[in-house]
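First chain A sits with chain B, and in the next complex the same chain sits with chain C.
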Partner chain A sequence: MTHSFDRALNTVGAWVLALVWFLPLIYAIWTAFHPGAYATRFDLLAPLTVENFVNAWNAAPFARYFLNTVMLVTFILIGQFVLCTLAAYAFARYAFPGKSILFTLVLLQLLVMPDILIVENYVTMRRLDLVDTIAAIGLPYIASGFGIFLLRQTFKTVPKELEEAARVEGAGPLTVLWKVYVPLAKPTYLAYGLVSVSHHWNNFLWPLIVTNSVETRPVTVGLSVFSAVDQGIDWSIITAATLMTSGPLLIAFLLFQRQFVQSFMRAGIK
Partner chain B sequence: MSLVRKVGATLGAAALSSFLAGGASAVDLQFFFPVAVGGKAAETIEELTNEYAAANPGVNIDAVYAGSYQDTVTKTLTAVRGGTPPQLAVILSVDMFTLIEEDAIVSFDEVSKGDTEWLKAFYPSFMENSQTGGKTYGIPFQRSTPVLYWNKEAFAEAGLDPNTPPASWEEMVEFGKKLTKKDANGNVTQWGVRIPSSGFPYWLFQGFTTQNDVILANSDGNMTNFDDPKVVEALDFMIDLSKEHGVMQPGIIEWGATPKAFFEGQTAMMWTTTGNLTNVRDNAPFDFGVAMLPAHQRRGAPTGGGNFYIFKDSTDEQKAASLDFIKWISAPEQAARWTIATGYVAPRPDAWETDLMKKYVADFPAALVARDQLEHAVAELSTYQNQRITTIFNDALEAAITGKSTPEQALKEAQMQADRILKAYR
Partner chain C sequence: MLARREWIHGWLLLTPALILLFAFTHYPAVTTVWHSFFSTPRGQRPSTFVGLDNYDFLLADSTFWQVLSNNLWYALVTIPVSIALALMMALWVDGKLRGRGFVRMAYFAPTVLPLIAVANIWLFFYTPGFGLIDQVRGLFGLAEVNWLGNPDLVLGSVIVVAIWKEAGFFMIFYLAALQAISPSLREAASIEGAGRWTYFRRVTFPLLMPTTLFVSVNAVINSFRLVDHIFVMTEGGPDNASSLLLFYIYETAFQYWDTAYAATLTVVLLVLLSILAIGQFFLVDRRVHYR
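After this line comes the complex of A and B, so read on.
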């Protein structure tokens, strides 16, 4: 009796939370597909339109921006995977002088707000002569403290026996990493990849600051054209633009939903 | 073969054009601009810069969209500290002291080499925020001032003369009471007036203080006046619009949603920037009027918006070219086009005498209201450490509006905090 009551309560709770989470999205979809006059009025028979999307698409060179964003998140993700894997492997399985100090420094990075480093990063990018390139947007994020920490923890859970078995077969350190550790850490990679991609897909301030031209700017910069406070906000076009820019991410998530949820459970990010 | 010839021809043309430009190679200028009024503004700026570049082959202008005003100043200061400042930028007029303190900008007196006659062409009230210590650091460009918009149909419906806006605080309350409509359950369906207070409440509140004949900060930018009894009185009145008279929605009111609320009849009057004029004209489904803000001890309103600045860390050639570009884009003809495209107030009297502008105002006399109000306008609140001071002041206003603190208490604390910061600049 109490059990079924408990269960009903859980279900209701889940539904309520899901609805609350989903409401802004529903509003965005409603507003984006209707003329401006219906933005704050609900009328089931309101005429549908895709004009908002057309207007939003034409307000900025979004095709180019999308390409830039895709290149950016791919570049960051590959860079992070390579660098964090190697670093995490060293921290997890090797003893070397200064290891704990170095690891503390990596952890310290988690505590520093990236916004504080904007000027410093900018100066570095200028010295490298990279201002106004996609590389400049991505480079400061490649050595991700979070990624190193997460992968190190995962690698530590891999039984030593597996590594020893591989060694007996004659595998070198990199082969062991590639054949033993990486495959076992797949859920972590998937989970971390999702967090990284969605974070950099949505990042705004740093890309705005370090880039100047259409050829390098990501979609978020295009999106900001619509938040013109002086003139009041046109909800229809803003929601259309938001759906458009976050659309690829949403669709990708829905497609891979099952894998993502599972990998989150296994990787322990909740 | 043909490729080689083409390259040769291009090089020849480039050499020729740089020869025509005085023998020097082309000057490259980077220009950061913010957009606070929708997509059309960005288009117009690019159109104008392209036009200038076409007429001046010796100059290349790279116009870079830099986000909101806030983003633009962040981006610019980062670039300045990083050693690659733009040559020129449009940034809020109130950020002048910040830019001076960062040693980022040069005065126009210096760049103009003594020829400062042209600076007199601009409205003095716009220059208040552009000058300090006897020097001019900014050239008014996308400048605005708040005005009152009213719904003529709602006025007629409430038995008011649709062509007479409220002229005083008392009238605004009196009209507001007639205009506030409630449904059977006592819920308000139409408010009398809407004065947005989210984000940067100090700006419209400065309308009230100016009308109550008190100035919020001195022109040296190192002394504020937040706890003056007249400022307290002004805040009391603003809050009483909701609390005492019930003609305005209580609590914090959103800026961004204000024009929409006006279009949909949720309010019969609104205070907002002239930067909205084109938007209201295009979207209001009823006949509307535009008036100066109502008066109390006097008429008054702050100015607002962005100025052109020239950055220090550029070559003399770049500075001269920037100056020439700014002179061109702020000239009457261009200023008129900019005003018509956006609703910003053309910053000089002669812009209003151009044929283009005369035609525009003949068709749309409401555009003149903001200009006429300039006579009564004062500098927008601006001090050293402007971000921090306005944040303190905004927080105080919000605390009073939401009832967390009394106006007197909130303003007193704000003044104390501001004093602590500004002491170093006296």
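After this line comes the complex of A and C, so read on.
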């Protein structure tokens, strides 16, 4: 009796919290799909419209911003995969002097992230003449301590016999890495990839600092410029733009919810 | 001979990652400290060595003290609340629950949304008079509140957004840990007649300690790193009442172009992060082992 009451209480609690958590999103969807007059008036019969999206899309070069973000995220992802794989392999399977010190230096990046070192990294980018390029947004994040750590943990679980068998057949280190380790670590790559893409899609501060033109700005910076300057307080258009910028990620999340959650879990377990 | 070749292969594999890692993490961390002892170059005047002048200025800078206190309050509230919520969410979602899929999605959704974008939605929520919060208050006959314009309320208002954004993210780690706990422990506990609360306190919670350590280190870092919503919602105002350390660094470096002072502020941030992370590690680590 008390047990079922307890359960009911928990169910109600869980649902109330879930609804509160979901409310901002529901609210944004409501506002974005209704004419401006209904932004703060809740009438179930209010007419639906996509006009806000059209207006937002036309008011700023969002197509270009999206292209920039996609290029940025791809650049970072490929760079991270290549560099972190090589480094993780060295840490997992090679013995060499300085290994533990270097590994500590890699882990230090989990604490001292490039996000915090904006002042000096900007100076570096200016010196390299890279300010206002997509490369400048991505470069500080490519050698990711988190990625190296995650892949190293995965590579360590690969049985050594598999590597030795490949070596006997005359495969070099890179072939072994490519033919033995990478295929076995596929779930980790998927997990890390999702975490990385969603992180860099959403990143704002560093891109804001290092870009200053339409040709390089990612959507997050584009959105902030758009909602700060152009719109005054036309909430319908701003929420439409807001949903638009988070849209691809949100749709991907709804479609691949299970994989998303499991990927984040896998990335966190280690 | 063979060992030598292994060394070289190891180093070669590491080189590309290490070059970038040093260039954008270790080198700037060191130059930050170095530049905090110099003046900001302005126009014709080059940068000169000024010793501890920047630090003297820092100690006398009332804005700095306010921002620091803001950030500590921000961390002090955001970290425990979001961790407690995360744990509760994970326990709910892990148990038998009607509509578990939806609930889990609702908790997790803020994690995949850009903070800068959701800040726009929250800004709308907080709008005095016709924002959602004031509309709900209006139903109960309560007066309008200028949530983001009142120096006493603004920090709390941005803290709510941070908690909302982070709790679902931390939930995932707890969920993973909960699913790794063997069900036989629960059976054993129920044979012993342990209630649900006792089971949680004596079994689940201690087993989750390593996760709590991991999550809390992450929460500390995030409480100094996540400032995106400040840009949209308050720009640090009114009167710096909602400014956080990293936002102040940004303002100092990229709006006033006082890079030497920004470097000094960054040193404070780095020291703070190291102390907190190391302290936390020892504090929680001890409990992980001895209980």
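The criterion applied here is as follows: the second predicted complex is superposed on the first by the 217 of 270 C-alpha atoms of A that agree within 3 Å, B and C clash if a C-alpha of one lies under 4 Å from a C-alpha of the other, contacts with A are read in each partner's own complex, and residues count from 1 in each chain.
Just so it is clear, contacts are C-beta pairs under 8 Å (C-beta built on N, C-alpha and C of every residue); 3 or more make two chains touch, one makes a residue touch a chain.
On a predicted model such as this, the values are computed, not experimentally measured, just so you know.
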- If you stack the two complexes on chain A, which partner ends up touching A:L139: first (chain B), second (chain C), both, or neither? second
- Task: May I ask you to decide whether A:V225 touches chain B, chain C, both, or neither, giving the answer as first, second, both or neither?
- Result: first
- Query: Taking the superposition as given, does A:L255 touch the first partner, chain B, the second, chain C, both, or neither?
  - Reply: neither
- Task: See if chain A has more residues touched by chain B or by chain C, and give me that chain.
- Result: C
- Does the superposition put A:N212 against chain B (first), chain C (second), both, or neither? first
- Message: In the overlaid three-chain picture, which partner chain does A:T11 touch, first (chain B) or second (chain C), both, or neither?
- Response: second
- Message: So in the superposed three-chain picture, is A:K99 touching just chain B, just chain C, both, or none of them (first/second/both/neither)?
- Response: second
- Of the partners chain B and chain C, which touch A:R126 in the superposed model: first, second, both, neither? first
- Task: Check the residue A:A59 against both partner chains and state whether it touches chain B (first), chain C (second), both, or neither.
- Result: first
- State whether A:I118 touches chain B only (first), chain C only (second), both chains, or neither. both
- Query: What is the shared patch of chain A, the residues that chain B and chain C both contact?
  - Reply: 40, 118-119, 122-123, 205, 208-209, 224, 227-228, 235
- Contact residues on chain C for chain A in the complex? 3, 6-7, 9-11, 13-14, 16-21, 23-29, 31-32, 35, 85, 88-89, 92-93, 95-99, 101-118, 120-122, 124-125, 130-132, 135, 164, 167-169, 172-173, 175-177, 180, 196, 214, 221, 224-225, 227-228, 231-232, 246, 249-250, 253-254, 259, 262-263, 266, 269-270, 273-274, 277
- Query: Across the complex, what residues on chain A touch chain B?
  - Reply: 36, 39-40, 59-60, 118-119, 122-123, 125-126, 131, 205, 208-209, 212-213, 221, 224-235
- Note on the structure: In their shared complex, chain A is touched by residues of chain B numbered 30, 35-39, 41-42, 62, 64-68, 71, 74-75, 78-79, 81-84, 144, 199, 255-260, 264, 272-273, 275-276, 278-279, 283
- Going by the contact rule at the top, pick out the chain A residues touching chain C in the complex. 6-7, 10-11, 13-15, 17-19, 21-25, 27-28, 31, 40, 82-84, 86-87, 89-91, 94-97, 99, 102, 105-106, 108-124, 139-140, 142-143, 145, 148, 173, 198, 201-202, 204-205, 208-209, 219-220, 223-224, 227-228, 235, 238-239, 242-243, 245-246, 249-250, 253-254, 257, 260-261, 264-266, 268-269
